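So the structure is just underneath, and the comments pick up after that.
The letters A, B and C name the chains in turn, as written, and every chain counts its residues from 1.
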Amino acid sequence: VLEKVTENCKLTEFVGTAIGNTIGLVIANVDSELHEKMGLDKKYRSIGIFGGRTGAGPQIMAADEAVKATNTEVVAIELPRDTEGGAGHGSLIIFGAEEVSDARRAVEVALKDLNRTMGDVYVNSAGHLEFQYTARASYAIQKAFNAPVGQAFGLLVGAPAAIGVLLCDTAVKAAEIEVISYLSPSTTSHTNESILAFSGDSGAVRQALIAAREVGLQLLSALGGPCKSLTQPYI
Amino acid sequence: VLEKVTENCKLTEFVGTAIGNTIGLVIANVDSELHEKMGLDKKYRSIGIFGGRTGAGPQIMAADEAVKATNTEVVAIELPRDTEGGAGHGSLIIFGAEEVSDARRAVEVALKDLNRTMGDVYVNSAGHLEFQYTARASYAIQKAFNAPVGQAFGLLVGAPAAIGVLLCDTAVKAAEIEVISYLSPSTTSHTNESILAFSGDSGAVRQALIAAREVGLQLLSALGGPCKSLTQPYI
Amino acid sequence: VLEKVTENCKLTEFVGTAIGNTIGLVIANVDSELHEKMGLDKKYRSIGIFGGRTGAGPQIMAADEAVKATNTEVVAIELPRDTEGGAGHGSLIIFGAEEVSDARRAVEVALKDLNRTMGDVYVNSAGHLEFQYTARASYAIQKAFNAPVGQAFGLLVGAPAAIGVLLCDTAVKAAEIEVISYLSPSTTSHTNESILAFSGDSGAVRQALIAAREVGLQLLSALGGPCKSLTQPYI
């Protein structure tokens, strides 16, 4: 799972690829019948398409940065059960824009930022851990997790789900955070994950994540041996 | 994923195997309690069972040919999330028949036709593409996709789903087709696919498929390198 | 997929690991907000956590033995779509206890028993078969399958689901059993399995399982070559 820079696709709709078998595309003017079948907001004829086989959290966090940086909106987030045989999700995120140049820019920002947001994803043969942090959530995170815009936001994922349960408990005990949602296999796309989404003071959010990460790395290592960051930790 | 000809199973219920870890079986007289629990139509005591780990579209198309060629009905189509770690579905298709010989014949036809219907399935490590065409849809396709019987039918699948979205747009712009349904991860069995089912004039259906295939092969190659047909393209 | 004895995790919450990337943990005093979000019964502040990547039936059967042997209750069973790229489920099982020592003991019993309950799980590259038997079902089996407590219970699983359908028919024809439930891809977590849960006289339950096992091994071998027990058969 390495970053790929693909320059050899000549389609005008192609933007690029990134870690996690993630691809970025644009459509300048979505066919009106398809537009309706997709249930998109009518005000956006241009869309950016951003999705991968491995990872939902990393793509959502990267899309959140893209939304902050561009004149676009996240109009759809869908979470397949995937991770290429692993325990988690894949992702399909659609940006809506009035101009295709805005959609393209959003996809470019998201593709580029994905290397960062994969940094606190830790993997071994037994499962994975994921930790995400932002000092200021924007509209992609709000859409995905119903998190308050403008506040610090944290996300933790533990797979298999048994590990995730303990990480959730660790996080809420480590700092004064506000739990937005607890997700488990019956409330995800049948992933083998337990997930906590939370907001709060930025220091508290970080503290909760760091405490959970410390516990998670011990547990996942005990189950499946050394586990390492997919890129470079950022939290 | 190669075709296997297995002659070494002596069970009378065994019919054969085919590509995609697909197996074909018959039951001459389904136990009445199980029959009821399975929710099958009471008029059929004999069933044919046809399903695989990889592929739903190919098995549905092959079952459609089997229904055309035999005195059977497709009474159930179920779509697990599978593809053996890939991005798509598996399949479980049940033929109902009054005579077990009819059920067996349907399964034989479907097993044999599967090699053809896997022909426009293209795979690499990043995902898969699938294109299916028939000049005249029958009752299996109607049951699976609510397609009009007797008309030309096209199916396209792109995985990861981000690629599929663009293929759907390409197809509807390439020819005058009638979209039956657009499916995405939230409306499939959580696969990482976007799917378009459509009907129309046979020339238009083929044109839409060929246009989407051309785009799909470029995109999937850009993401994961060369991708090739599982058998021999037929469209 | 071998049993792992991991003694190197120093967390007090860690109990151990077992076959199928299964882990066992305890929380002495679940955070009250998380407790509520998890929907747990308020009378249990201590929980045992027991879950794996591969296997739901084996973990449920092992949990049933744990419940019989300890002062605990199974308060949640969730079934992700998993098996690490295979055709079946993973598992997340929560024991509730008034004392953490009880929760720990339940997890220990379950981890230890898992080697036995993986014994009639047979795997090859094409799929898997699973057979489970107990002379006396307890509350974990009741919660998972709505089976009558105190009676003999049998469970059979065939994957791909096409094989499972025939095994279900074989079992109900082989002995006088009472079918509790028939599950297929549309009623599981989108697994590629057909599943039969049944009760009855202990001799009949065993007879049904043995008949289905004999057929299943022939079919799965015909599809994917030799398939073998993950540990040692116990039925």
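Just so we're on the same page, a contact is a pair of C-beta atoms (placed from the backbone, for glycine too) under 8 Å apart; a residue touches a chain by one contact, two chains touch by 3 or more.
Predicted model, so just to flag it, every value in this text is computed and none were measured.
**Student:** Think of each chain as a node with edges to the chains it touches; is that a line, ring, star, complete or other?
**Tutor:** complete
**Student:** With touch defined as above, tell me whether chain B and chain C contact each other through largely the same residue numbers, more than half shared, or through different ones.
**Tutor:** Chain B and chain C contact each other through largely non-matching residue numbers.
**Student:** Once you find the CA centre of chain B and the CA centre of chain C, what distance in Å lies between them?
**Tutor:** About 31 Å separates the centre of chain B from that of chain C.
**Student:** Among the residues of chain C, which are close enough to touch at least two other chains?
**Tutor:** In chain C, 81, 85, 190 touch at least two other chains.
**Student:** In the complex, go through chain A and note every residue touching chain C.
**Tutor:** Residues in contact with chain C: 81, 85-87, 125-127, 160-163, 165-166, 168-169, 172-173, 179, 181-182, 184-186, 188, 190-194, 196, 215, 218-219, 221-224.
**Student:** Sort out for me which residues of chain B touch chain C in the complex.
**Tutor:** Residues 4, 6, 8-11, 13-14, 17, 21-25, 27, 30-31, 33-34, 37-38, 47, 49-53, 78-82, 84-85, 90, 92, 94, 189-190.
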